Every structure is written in structure tokens, then in C-alpha cells.
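Presented below are the structures under discussion, each in the form of C-alpha cells.
The two complexes that follow have chain A in common; it is paired with chain B in the first and with chain C in the second.
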Partner chain A sequence: MRRKHDAVFYGGFVLPAVIVYTLFMIYPVAMSAGYSLTEWNGVTAKTFVGLGNYQELIADGDYWQVVRNTGQLIAYSLIFQVGAGLAIAYLLAKVMHGFRFFRSVIFIPVIISPVAIGLMFSLFYNSDTGPLNHLLDSLSLSSWKRQWLSDPHTVLKAVMAPQIWQYIGLYVVIFLAAIQQVPEELVESARMDGAGPSRTFFNVVMPQIWDVFQVCVILAVTGSLKSFDHAWVITSGGPGNASSFIALQMFKTAFISNQIGYGSAMTITILAYAALFTMLFKRICARLYN
Partner chain B sequence: MRRAAGLSRGLVLAVFALSTLFPFYWVLVSSFKDKHQIYANPFGLPANWHWGNYADIWQTAHLSRYFWNSLFISACAVAIMLLIGAMAAYVLARREKSGWLYAYFTLGIMIPVHAILIPSFVLLKQLHLLNSHFGLILIYVVSNLSLCVFILHGFLKGIPRELEEAAAIDGYGRVRTFVSIVLPLAKPGLATVGTLGFLNCWNEYLFAYVLIGSEPSKTLTQGVMALTGQYSTDYALVCAGLVVSMLPLWLVYMLFQEQIVKGMTAGAVKG
Partner chain C sequence: MTWLSAKLKKSASIVLATTLIAGLAAGCSNSDNGKGGSATPSAETSPSASPSPSSAGSSGDKITIRFAYNWTGADPKASYFEGKLKEYEAKHPEISFKFEATPGEEHRTKIKVDTTAGNLPDIFTYWLGPVNLKPLVDANEILEMDEYLSKSGTVKKEQYTDIAWSFFDIGGKKYGLPLEAFKGFFMANRELFQKYNLEYPKTYAELTNVAKVFNDNGIVPFSMGSKNGQPSHLFFSYLAYQFQNGFDDAQKIPQTYQYDTDAVRKAAQAVAQMKADGIFPSDTVANGDWGPQLSLYNEEKAAMVYEFPWMIGNVKQEIVDKTDLIDFPALEGSVVDPSSYTIGAVAMGLLINRKSFEDPAKQQALVDFADFINSDEVLGEVAKGGLFPAKQMELDPSTLSPLYAKAMEFTKNQNVWPHHESYVPDSNAYSVILSSLDELFAGFVSPEDYVSKTQKALDKAK
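Entry: the complex of A and B
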């Protein structure tokens, strides 16, 4: 009797979430996969083209340019968000005074909307009236001035900088929590055995926070794969595709060029890259550990 | 030796902290200047404090309308998400053999939300929910539901069953037990997930942009984005607009810092 009541209760309680989740998350993902196999402008009838969109993608120079841009973003994220975040967290973990203050301050950019951060930086970058070139002038570094956002050589880095800057704090805070969980005794005994700071770090601390490190790497890579807001608000991906990323290209293809099928194929590639990377990375890490 | 290390460490951290704060300082200070002062004296305090910039941006640029839209959408999305998320997490936490269901829900954490951008547009169009707050709210609920269930599951598992059993003996039904006993105990978890969800909704741009096109319904992020158009040459107004969009976040951060940090690091760090 109780069993049956339980089943009804459990079923009823979980149902709203299951319905909403299936209808608006799982089903749409399947829809995306389906669209990627068609040619469709969103209005008239769909045409089934099998893997035709994917074949077109392979030959698409614009697509590979944005993939390369995204790849650069991933690389910089790993170095300056995960790497620098870890380094700063390690420094911060040893600080006695003002610890909470530092932690609070560093995290502030993380909670702001990417659109606002992007807009803020686009003001900085203005070649005539922006404070960046102004600052370079006042530091007698005028030769370093650029047309940050219109010069194809600088625009990608200019657009990547705010994204990297914004989320360093997130990684600092995550690593900080992880480092603080490392048992004091381990660090102490390593020091007593004569280990210098880098030995202590690599041989004692890193193994302890290894799981967290892996999560952060995955977070940085999948986050970079999703990058849209910053580039959109600063340059809309221009000039050309110089500062565009895969998600931006997908958006333009689907919603500006009205190529739903082709855009969906791009979306699937984003999914595929994320899934592939996660699986491969976890496998490599498992092997490294042994 | 120790001292020098400590000092240089402090210096590095101080430089880093300053570089984090400086852009916000510049925006804040510029919002009170006029555009000539911003160019002539970018880093100092304003000579005259132009509060008018804020009045302009609030009224003329319609930021007030976008502000309330964002508030409404975010609040509703969080409320719905917490309710159905807590209910689902409760079932997962209490029922044996819910492995499959748990895996099903947490799968969503791995799905990049862009994967449902195009289909969301098509689906909502078919349901006549484009340009409606409700449509966007549904999408926001779903985007955050997986993480919500994941985090709340952890919290609810930690609540001892004895309390619920005692309530059952006292004649409480399952639903009443959930509402009056379990939910109040889960408040820290709800606060964490709720704050995080609110931030995600408030700061979200792409889905709002794609799913809401009609002026009166737009969100604050769209309003900020619009500052790149019409007012883009008047830096003072743009900065005022930026401050307006960031101020609620700074406030929420000051009040709920612990919850936000916990929410964002949940799943990354156990414990």
C-alpha cells in the first residue's frame, strides 16, 4: 500500500521537471541534429541533404577561420585563466591579511554580464577617445598605440582579452577552495623533508587538487567553445571574421543568412568538440595518473 | 627572506586586484562626467558631477523598462526552477534505484546551451511564445534546471530521514512533509541555487536577443547592447547605462557573496 502511494507521489513530484526538461532541452538537441541534415531557411519546406552540410563545412574557409580563432581562445584560456588562476590562488592561499578582500575583489568581474564587460572594453579600445591609447600616450609608449578594433592583426586578441580577464577570478576562487582542502600535515612534512616551494607544489599540492584541475580545464575549454557575447558586442566578429568564434558564426548563419540547416550543423560540431575533448582529456588524465 | 617573499607576494596580488577594479572605477567615474571631460581627464575624478546622465539613460534609453523586464523574467524563472527542481531533486534523493533519472537530468550540465538555440526559436514560434516573457522564462528554467537538480540533490541527501519519518508518524502527508519540513531545511541550498540562477538569467543575452524582438519586452542585456548604437558616441551616457546594469549585480554580490561563490564552484570542488 505504502509502496503504491510512494510511486504515485514520486512520479507526480518528478513529472513537471521531466516534462519541461524533455520538451525544452532533450527534444531540441535532437531537433538540432535533425536540422543539421537538412537545408532549410526556416520558412519554406525542408530539404533532406544527409551529410551534405558537414561536407560543405569541411570546405568552408570561414568556418575554419572561426575554428582557429576559437582554438586560440582555448589556448589563452588555459594559460591565463586556468594557469594564472592556479598561480594566484596558490599565492593567495598563503596570505594572512586581507585574504577575504582579495578574494571578493577578484571575483567581481565574474558576476557581471559579458555584454556589459564587452561594452566596457570596447570603450577602452576606441582609438581616438579611449583610455587605453590615452594611457599609452601618457606612458610615452605612443608607438604601441593601435586601431585595436579595426586592425585585423590586433582585433582578435583585443576581443579575447575581456573574456579572459573576466573569468580569471572564477578559477582563482575554485582553486583556492581546493588548495585549502589540502591537509596541512602533507605540506608540512614535505617542507621538513627539505622540499623547496616548487617541489612542494608539483609533488604534494597538485596531486591533491588534480580532480579540480581537470574540471577547470574542461570548464575553460567548453566555456571557450560557447563564446559569443563579448565578440558580438565589441565587433560583431569583424572585421570580416577576424574576431569571430564558432558560436558567433553559427548565429550569423542561422539567424542572419537564414540557413537553419547549415547553422545547426555548426552547432553539432560545437557539441562534438566539447564531447570529444572531455572524453579524450579524461582518458589521458586517467593514463597519466598511472 | 620570508618577509621579502611575503611582500612581493602581496605586491603581485595588489597589482592584480587593482587591475580588476580599475575598469569599474573608470566606468563609474566617467558616468558622472560629460564626454569632453572623459577624453580630457580620463582617470581623475569629475570636476562637476553630472547626475543628469543617469536620468537620461533611465528615461530616454528606456533602461527602466528593460530593467523591470529582466527583474520579472529572472525572478519568475528562478521561482519555477527552484520549485520543480527541488521536487525532482527530492525524488532523486529519497528514492532508491533513481540512477537513470539522475543521469538523465545531470546530462543537461554537459550540453552547451547553444545546442538548443535554433530549435528553441522554432519551437517557441510554433507554440506562439516568441516575444513573450513566458517563453524566455521556460528556456531559462530549462537551462539552469540540470545544475539546480544536481546541487539540490546533494543538499537534500544530507537531510536526515528521521525528521520525515517523525512527520509521517504525526500524520503529515508526503507533500506536507516536503513543504513544511524538508524545504525550510534546504534553505541554504535553495539560496545558493537561486542566486546563481538569478545571475545567469539576469546576465543572459543571446537567447533573449533571439527569442524576444518586440521593444517593450526586451531585457536589460539587450538594452545595454543597444547602447552601442544610438548613444555610442556619448561615452558618459554609455557609462551611466553600464553602471545601471551592473549596480544590481554589485548589490546582490555584496549580500549573497557566499552563496554565489558556493554555487559557481559547486561540482568543481567537493565539500
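Entry: the complex of A and C
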């Protein structure tokens, strides 16, 4: 009786969160899944096509191009956001004076609107009037000059760079907080046992912040899967799909090409990739940890 | 006392949980606070009231009218138009206006999202052609204009040409009131040409010679970029129409679904050739879209530019003084005199939500408001910001920008030929045309691949 009473009592506390989660997460996803089984232009009646949209996706070269682009973004995010974020945080943890200043400065880009960052970089990259090529000229690096947004070899990286740069600070701050929680005695005793800096880092610090590391990897991957703002502002995903990502392609398909059903199928694939990655990654990490 | 404090804690917890749930319920309820409702990607601004998440309907005794438009933000027409809206709103306290302003192309996305959500505004501006209108017509969302005209006190069919009406014709019926017309014109910086002792080019060979001199001196010969097909799609149509049957073939697209024509192929080849000859900026994506394209010309880093009325207000005054309007050179193999025509159409019309019109409480207010938008008073005022009214009316030249007057004079005897968007019937196909233009201008695809890709998209839409 008491247990039932307690269950009702505790349920009351989680109910608001459940309602919010259902309304703003579960319900839209379910609706998207429903739309993905239809051919619909958003205005006239829906036509049920079953898995037809998914079959079309599999055969769609443009879709796989944006999947590859997104894959590259994920790879660079893991290296430069998570990897570099961790390295910078580790170094920053050792700074005695002014580390709060550096932490604040590193975090500033995170709080700026992605649209503003995208606009700034689109001006930056303009090979005719932008400062980047002029800077390369002044550094006697004229051979490095490119048409950054019109060159097939550079446009994707040019679009990825600002979004990767913008959020490095977020991971620095997260890792810094985690590293600062590592008991000093553990690090000291490792040093006293003759462990060098890298051994201390990998064998003492990393195991302590392993959970935080996993969360950051998942954040970086899922954030990359949702990437939209920078690419939209800088190039609209073009030329063609050269600098487009899955979320941007979904937007263009649904709201510019009026293919809500097909766009919803892309949305479900984003969800599937995120869920699959999270599951596999957690399993691998659990095995590694054991 | 321990059990009493435990009981008190439990009661306090229950009260807190109930308060949270009540707050959640209140927060999720329909209200006029903030920007609920339409999920537009850009900010909504309003001359007065905040946009309402609710669609049709009255609040209390007041009628609510939601009007969505895109003459806002950096658009030179914004201050003139929104000033008039404020005046009208002040004169009609019995109507609660919800102005939903979304700049540029984002307005198109906003209307699509609103339509999908079943939240179409009561009255809104929108673009021409079957690609934009047919889905709304098929869904029976928008009003046929004869119904509005039968109720209107001031707007008559004869005030617009048949050609203007044709841009909103779907299946023999008109679904939009023509609002904003446009005609393209080529501008050249006279001082830059004089500085390098150059004449305005009349042939392609002269254009390449002029281009070489400008490039050698760090000046872009012709500012033409392409970002999501803007503004290249208009220039591309202009090029295609220089060739045999270019315009005729475009007009037949709704029936033939044929974009791959000799004229389009030649235009694509001309673009590739111009890129190779350094006519365009080296980075057509970074210099794509309206603002960056004009910026090169405004900063005198480009000698020529292809512009349209909605950008007139953004041309610096000192640049207007140095600007001559010229004809684009004839391309090799062209048969149509490029000075004989310009790309033009009706860019925007006024559309009315059918359900809102059929609401007896709103109908007269909507008719009056639409009459107001299309009045000589409003159109004449907005012309100061560069509007070319689609309505046949007299404008006071003393109130217009000198460039406006120049452009009107220069194009008055030219045939006005609508661009391909007016004829392509499928939005996905047209979206492919636009994004593929980015690739063509950037040199990502060959002319043949561009034509083949775009034709495939149209074939799929058949």
C-alpha cells in the first residue's frame, strides 16, 4: 500500500518532465515517422507510400553525398572539438594565474549566434574582398589562396571550420570542470610513482573523466548530425550539395522542394544514426572500461 | 515531531509538484505572448503588435487580421511600406492586426511552413507562377480573385494588364492580385570605364577585352554570383533568351516539361565560357545573393552589375551618379538583339486565404485592407523605395530615386520576358535548377551536366 502510494507520489514529480518530453520529443518524432511513410507536399492530401521514401533515399546519390559530408563533419568534430577541447582543458587546468580569463575567452564564441558566425565567415572567405586571402598575401602565402566557397576542394572544409571552431569552448569548459574534480592525491601519487605527464593523463585522469568523455563524444556526434545554421548562412549547402549536411538537405527537401514526406524520411535517418551510434558507443565503452 | 515535519515536507512537495504542473499547463496554452505558432527561420518584426500564434478568429469584439509580407528588414521598401501599415492600423482600432514580416526568400519558407501547419495567414504577399501557387490552389487554400474583385470598392481588373494577371493564372483562374512588377537592367560604372579608357562592350569579344583590363587592375568586370540560384537564375534566363526559340521554349515548359533545349544549352556554355574568361567574380558563391553581388559594385570593385528594382534603394547615391544603364553584349551565336528585351514579370502578388474571406466577420475588413495595399497612395509611397507597381498608374517622378527613373526610361520600350521560374511547374525541379546554377557558375559541373541534371528533375516531375 505504501509502495503504491510512494509510486504515485514520485510519479507526480516526474509527470511534468514526462509531459514535456512526450509533447516536444516523442510526439513530433512519431508525427515525422508517420509523414515519412507518405508522399506529401505539405498542402494537399497525403498519399501513403509505405517505405517508398526510404527506398528512394537508398538510391539517392545526393543523400549519400550529404551523409558523407556529415560523416566528415563528425570526424573533424571529434578530433577538434572533443580532442582539442580535452587537450586545452588539461593544459588550462594547470594554469595558475588567469585561467578564469582564458576559460571565459575560449567560451565566448559558444554564446554568439551561429548565424552571426556564419555571416562573419562568409565575408571572411570572399576571395575577392575578404580578409583571408589578403592575410595570406601579407604572409607571403599567396599560393594558399583559394576561392574558398567556389572551390570543390575547399568549400566543405570552409563551411565546417566555423562550426567546429565555435563549439570548442563548450568542450573545454565541460572537460575543465571534470578534470578539476579529479582528486589531486591520485595525480600526486602517480607522479611520486614515476609516471610521466602522458601516463598520468591516460592512466589516472582519463579513467576519472571517462563518463564525461563519453557524453562529450555523443554530444559532438549528435550535434554534427543536426548541423544546419552555418552551412545555410554561408553557402545554403551549395554549390549543389557540396557543403550540405543531412539536416540542411532535409530542410531543403521539405520546405523548398515541398517534399515533406521525403524530408521526414531523412529526419528519421538522422534519428536512427544518432540512436545507433549512441547504443554502439556505450556498449564499446562499457567493454573497454571492463 | 519528526513525523509531523515529514508530513509537512510531503505536503509542501505535493504543492510544489501541483504548481509545476499548473505552470506547465499554462505555458502550453494558446496565448498572444511571444512568437508561438509558425516556425519561421528568421525573426519576425512588427510595426506594432506581436505575431499571434492563432490563425483566423477574433479576439473579443475585435477582428484579427494576420498579414504576412517580406518588404521588411534591409529591403529599401520596408520603411515606406511599414509606415503605411502603421497608419492604416492606427485608423482602424476595431481591427487587431498581426503583422508577420519575414525578409527575402525566408518569407516563402514561412508561408510553406504555415500552410503545412494549417496556419496560413489571412492575407499575404507571395511569388508568381505555378511552382509557387499550384500547391495552394490544389489545396483550395487561396481565394480566386474574381470573388475579391466583386467586393472591392476600388480595385478593378482593368487596372492591371492581361500579362500581369497571367502570372497568377492557374487553370484559367486568377489567384493573386499583382503587386510588384520588375524589369532587369544592366548598370555600368562610367568612371571605372573612363579610368581605363574603355568603351561599354557591345559584343562578346569586346566584353572579354574589357574583362582583361579590369582583371589586370583588380576590378571584377561583371558582378554576378549564384547562391541558391540568386541572382543568377534571372541572368541565366536573359542569356538563354538571346538564342533561337529561347523564350518560346520557356513559355512551353508547363506543357512540354522540356528545359533541355538548344537555347538553354548555349546559355550554359556561355556561362562556362564567361567564367573561364574571368567575366564573373572568382568566387561566385561568396558573391552570390543580392547583397554581396551589389556590394562589389557599390564598393567600386566591380564595373558592371545586373540589377532589379528591389535593389535600387541599396545603390549608394554616389554610385548612382556614376552609373549608366547599358545593354549586355550579344553572345556569339545569338539571334535576338539583347537590347530589345529585358527579364521581367510580376514578382509578388497579394493572396487572400479563402477560409478567412469566407468568414463573414472578416470579409469586409480583408477587402478593405487589400484595397488599401493596392491603392495608388500606398504603391506610390512604396515606389520611393524602388517598387515597380504592377498596377497601371502614374507615379510622381519627383519622389522617385534617379536610378528608378533611369531604369523605367531605359526599359520602357523593351519587351518584358518572364524568367524560367514563371513557367517551371514543379518546385522540386525548380529547386534543382537553382542549386545546379550554383554549380554551373562555380565551375563544379559542365554545361552538359547542368542541363542533363535539371532535365532529369523535370522528367521526374512529369
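The working rule: the second predicted complex is superposed on the first by the 265 of 290 C-alpha atoms of A that agree within 3 Å, B and C clash if a C-alpha of one lies under 4 Å from a C-alpha of the other, contacts with A are read in each partner's own complex, and residues count from 1 in each chain.
Simple rule for what comes next: a residue touches a chain if its C-beta (ideal position, glycine included) is under 8 Å from a C-beta of that chain, and two chains touch if they have at least 3 such contacts.
Quantities reported herein were computed from a predicted structural model and do not represent experimental measurements.
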* To do: Determine, for the superposed arrangement built on chain A, whether chain B and chain C clash or fit.
  => clash
* To do: Applying the touch criterion given at the start, work out whether A:Asn241 contacts chain B, chain C, both or neither, answering first, second, both or neither.
  => second
* To do: Kindly classify A:Val212 by the partners it touches after superposition: chain B alone (first), chain C alone (second), both, or neither?
  => first
* Is A:Ile256 contacted by the first partner chain B, the second partner chain C, both or neither? -> second
* Considering only touches as defined above, state whether A:Trp148 meets chain B (first), chain C (second), both or neither. => second
* To do: Would you check which partner chain A:Thr44 touches, where first means chain B only, second means chain C only, and both and neither mean what they say?
  => second
* First (chain B), second (chain C), both or neither touched by A:Phe13 -> both
* Asked: Which one hits more chain A residues, chain B or chain C?
  -> B
* To do: Please indicate which partner A:Phe107 is in contact with in the superposed arrangement: first for chain B, second for chain C, both, or neither.
  => first
* Asked: Looking at the overlay, does A:Ser122 come into contact with chain B only (first), chain C only (second), both, or neither?
  -> both
* Structure fact -> Which of 44-52, 206-214, 224-232 or 242-250 hits chain B? In chain C, it is stretch 44-52
* Structure fact -> Contacts of chain A common to chain B and chain C in the A-superposed view 9, 13, 16, 20, 42, 122, 129, 255, 260
* What does chain A use to touch chain C in their complex? -> 9, 12-13, 15-16, 19-20, 23, 41-44, 122, 125-130, 147-152, 155, 235-242, 252, 255-260
* To do: Could you please specify the touching residues of chain A with respect to chain B in the complex?
  => 5-6, 9-10, 13-14, 16-18, 20-21, 24-25, 27-29, 31-32, 35, 42, 88, 91-92, 94-95, 101-102, 104-116, 119-124, 129, 131, 134-135, 165, 169-170, 173-174, 177-178, 181, 212, 215-216, 219, 222, 225-226, 228-229, 232-233, 247, 250-251, 254-255, 260, 263-264, 267-268, 270-271, 274-275, 278
* **Touching residues on chain C, where the partner in the complex is chain A** => 10, 13-14, 17-18, 20-21, 24, 28, 109, 112-113, 115-116, 135-136, 138-139, 141, 220, 226-228, 281-287, 292, 295-296, 299, 301, 427-428, 431, 435-436, 438-439, 441-445
* Any idea which chain B residues touch chain A in the complex? -> 9-10, 12-13, 16-17, 20-21, 23-24, 26-27, 35, 38-39, 42-43, 84-85, 87-88, 90-92, 94-95, 101, 104-105, 108, 110-123, 138-139, 141-143, 145-146, 149, 174-175, 178, 199, 202-206, 210, 221, 224-225, 227-228, 235, 238-239, 242, 245-246, 249-250, 252-253, 257, 260-261, 264-265, 267-269, 271
